[in-house]
């Protein structure tokens, strides 16, 4: 694989190159005490020198006192927001001359560069690709937006307190599926190894100054990633997990976790792979009918509603549905795990319920 | 007379904010007025058309003998009765009297207590008559009000979710204030509808839409304790605009003990 | 990633096609059968047991099984019971009204696997709707099937669907048809009691039998158990399951039933595959 | 015409809340008159006891859904005095901007929906829309802009969530405010047009020599900062309110009546503010007032609709000025160190001066609260207007007289939700 070594200004050049090529460049920014993805114009818009501390139900930004551009892990937002927006119109219907005319809602798919996609997030995009593109039907909006997205990965140099991508086999390094991949190589000055993973990436790489990367540079990058792999805040044993969960619907742990779980739905909405949605039909008092869809959560009571009742009336059944789907039945439905080990569901659960801990508890008591 | 459905707006003990919400639907107001006949809405019109009414929007809680009788006649005249707001749906802020001695309350506010006639409690409309649909919120949301009226006219199920504020917080993309700032937030147990505004303005949700479906009040309060919130502050937080809603009341009572 | 994806761009699986109501039959107090004709070049070719997503202007969209003859092109038949807003709106449609239809979706009854076997069809209530195309199909392939039976249970005689069909089937030598109700007046000619009580009435050789069962979940469980006791292999008993559905194409997540997304790998499934799941509450 | 007449309006329409009017006439002599407020009492002062100082803005907002910002700002002012907090200028100006939103919304509602129909002979703004669709659309759009301003600053228009003792929870970015400018500029034009429209209405020839009471600020048209002054020499700091004013509880009403000790009734609201502060209006508003022929003082309550329209011009113009000068404060709020204290706070609700008083115990817990809303202060003045008005208009037939009387009440834009709430008129002529 080709690669070049650049300094921070090289990344600035990359961002302006992307902008000049007509991409809206989105990347990590620091807003209201968290790192969220937003438009960036240069590396100065990145959370320079910031890191994060994450634990179950807790997230704090910390000043690292360095000049690193990528010294944090994933925040509350994921790229799903841009590929599968929270609210979308599906179609409009007009009624005239005694018939209905259905019109596909306009799809907005601006050319976007996702700058700073982590390995787990790239894997999550891959999982949603299977849901929306590769399982028989194609979601046209998702397809358009996916096609218009250029992916610039950043490999992780430190893992967060709730990360377990190493367990899920999705990170912290990246070997493909991106247009460009960046690894931040600590030192004075900090170097950035930029590799390309697609023709589009190669074209961008060509325009980038810097010097061609040599074996030693790739070795440095490998060590950075290795270090991140060694610092995972969490781990999850995946061996045999499908059967463990599918065969254990009456495990006492489900009732136990249901006591603590608020059924608030945060975990599902923060998760980069959760794809559930509901539809809403509306006719304005003076206009056409519209059908739209918006994110939904299996923690809602209505989610499993059949006329007159809900199948999953208890929180126990909803938590079980969520975790079993994520880690077990996802394999049956889409041929992979539904979890990439990003840790968002752990960090952003207001009461700090930890999926890795729950799996461990189910395993231990199953053994006993 | 037109064949349009007749709409009436009724007021009981309240601040008028929920019925003002109807006038605040600036973009939809004239369309609504075109689709229904606004037959009785004293705040906006001195014209009054006799009942029965197809839809009644009822604001406010029952706090006097007179109102307890009046709501019965409202119900009789209404085909579809929608309560609007925390007062009508849960008793409102004035339900704080339910924990106090009303005579003492009267003497605090009025110099001549014998002039005031009032009930000892503030109760929601559903405690007096059957209610067909409840819109929560202090105040209700404009979007939800329009949705209920439209859905009624189109005979469809209104899109009024009963899950938590957190869902809309995430849809909106607000980083959770509780997780990122340790700010106590009632969002996880509060019904969505406001659009998750408080966290977007960097404060915890204060529960003005009342309890969500499956609200795990006790469990959230345990997490609040972990953030260092005192028992008395927990009681205050649960006793505001939906204090008498059962899931809130039960837990505030347990902390007050 | 531009390179890896090349979907048919124009294909919009969420976009309904206009269909016009051309006839209605009031089946019972709350159930109506409707006939639709396509107003576009969209034509529905379906297998018995599949369903469509039926959209009523401004009210909503719901999954409804196709209840017509799979060999009759041109007309789409649905039988709908009014239970909520959308189904009520469907039942209130008049000839000339236009709706939106997408589909067909889902797996069907494995009618192509019954040649040389006994076919036992068991329906409860509205569950006869998705089975009707299977009955019709079985009758057209009658020679290849050994014994063909239909057992049908409803709440009361007034709740029976397709009364003309029932009379025809009762009279037909090609199919053994038995019917029972939960409650009845004295002028009722059929049985009273559970549909499982009818099993001994019809002939089938358990080891050569395939069964299609559709009705409320409890009913399907009871029938499947009775069939197992009778010696029918669970692999050969097929049931049709029901979950909330919002998209019909495996993208909304609502119809999950353990490992299945019922709109894609269901609603029809062999009992053996779901027996364990049917034992779990709230799955 | 009969000698004795009774007018009984058991439920006054197009006012906020529930009130009634009963009038008994003998010839042109008023033998009995009562403007009654029967909005059920809600006991806010009592409910506030034992709550934290920080809860007052959100709780008192619920007294009135029509002017929640007034309650929030008066309570903040009182709490900040009790806790000896000074707000930096930028935060005060941001509060003023929020208040502009409420003035615009409330005034547009009153002018277009509650009051104009009286002059043009319609039962409601909605009915008026059939003949004057563009006018009403204009009113709606102005109202919407006011609401939008409140939503951006306060989170929502009714019971905003962003006001706290010490400032705000979050202060807007410049870009969020800049986005409002085009609408506000449109609104300013529309408000000017509104002034000329309402100035042409047919007004009753009626004046009274009121004691006008309003806040006054040396440099600005006062909204939530300044002293309390009157045209009869009153000039006090807000904390002197209890020394000068008193409240009386009358049997017929669930609201308390206020009066100036030893002097009696006074008049609050747009007309009072205008008459005391007209030279401090923004230039365009000042010009609009001149063109409408208002002069520096207005004593005809029927013309209050013109004053409201002028104040709407002012609020748009002021909002634009405030946005122009906006610099995002470094901190959204001043740190509050809760403790014991006593504070008085006032601000100019769209309907007039709203006064709050609190005594705080240890940890800033409220020990006592007193809230005096504008409508209860105006009650005496309303009754006196009616008493003065009737004898010269008793020749009118019952329907007409009742219409005029109701209009005379609506001149005050009475907010009975505040005064506790509803208007319902009984005129008895025997």
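The chains carry the letters A, B, C and D, assigned in the order they are written, with residues numbered from 1 in each.
Note that contacts are C-beta pairs under 8 Å (C-beta built on N, C-alpha and C of every residue); 3 or more make two chains touch, one makes a residue touch a chain.
Computed from a prediction, not measured in an experiment: that's the story for all the values here.
A count of C-beta contacts for the chain pairs B-D and B-C puts B-D on top. The most central chain, judged by C-alpha centres against the centre of all protein C-alpha atoms, is B. Centre-to-centre separation of subunit C and subunit D, using mean CA positions: 65 Å. One finds 25 Å separating the Cα centroids of subunit B and subunit D. Our note on geometry: subunit B versus subunit C, Cα centroid distance of 43 Å, whole angstroms.
Spacing of subunit A relative to subunit B, judged by their CA centroids, is 37 angstrom.
Each of residues 58-60, 84 in subunit C touches at least two other chains. Multi-chain contact residues of subunit A (touching two or more other chains) are listed as 281-283.
Subunit B has residues 154, 156, 202 in contact with two or more other chains. Of all possible chain pairs, those that touch are A-B, A-C, B-C, B-D.
Every residue of subunit B that touches subunit A in the complex is listed here, in rising order: 28, 31-32, 34-35, 147, 150, 153-154, 156, 159, 161-164, 166-167, 170-176, 178-182, 185, 187-189, 202, 213-214, 216, 219-220, 222-223. Residues 11-18, 39-47, 49, 51-52, 55, 58-59, 62-66, 68, 109, 113-114, 117, 123-127, 129, 133, 136-137, 140-141, 143-144, 147, 155-159, 161-162, 164, 168-170, 247-251, 254, 256, 332, 406, 415, 417, 421-422 of subunit D are the ones touching subunit B in the complex.
Interface residues of subunit B facing subunit D in the complex, by the touch rule stated above, are 11-21, 23-24, 26-27, 29-30, 33, 38, 41-48, 63-64, 67, 92-94, 96-97, 100, 102, 104-106, 108-112, 115-116, 118, 138-139, 194, 197-198, 200-203, 206, 208, 233, 236, 240-241.
Only residues 90-91, 93, 95, 98-102, 104, 129, 131-133, 135-140, 143-144, 146-147, 149, 151, 177-179, 198-200, 246, 249-250, 275-279, 281-283, 289, 291, 293, 296, 298, 303-308, 311-314, 316-317, 321, 324-325, 329, 332-333 of subunit A touch subunit C when the two sit together in their complex.
Those residues of subunit A whose C-beta lies close enough to touch subunit B in the complex are 31-34, 36, 57-61, 75-77, 81, 86-87, 259-266, 269-270, 280-286, 294-295, 297, 299-302, 315, 347-352.
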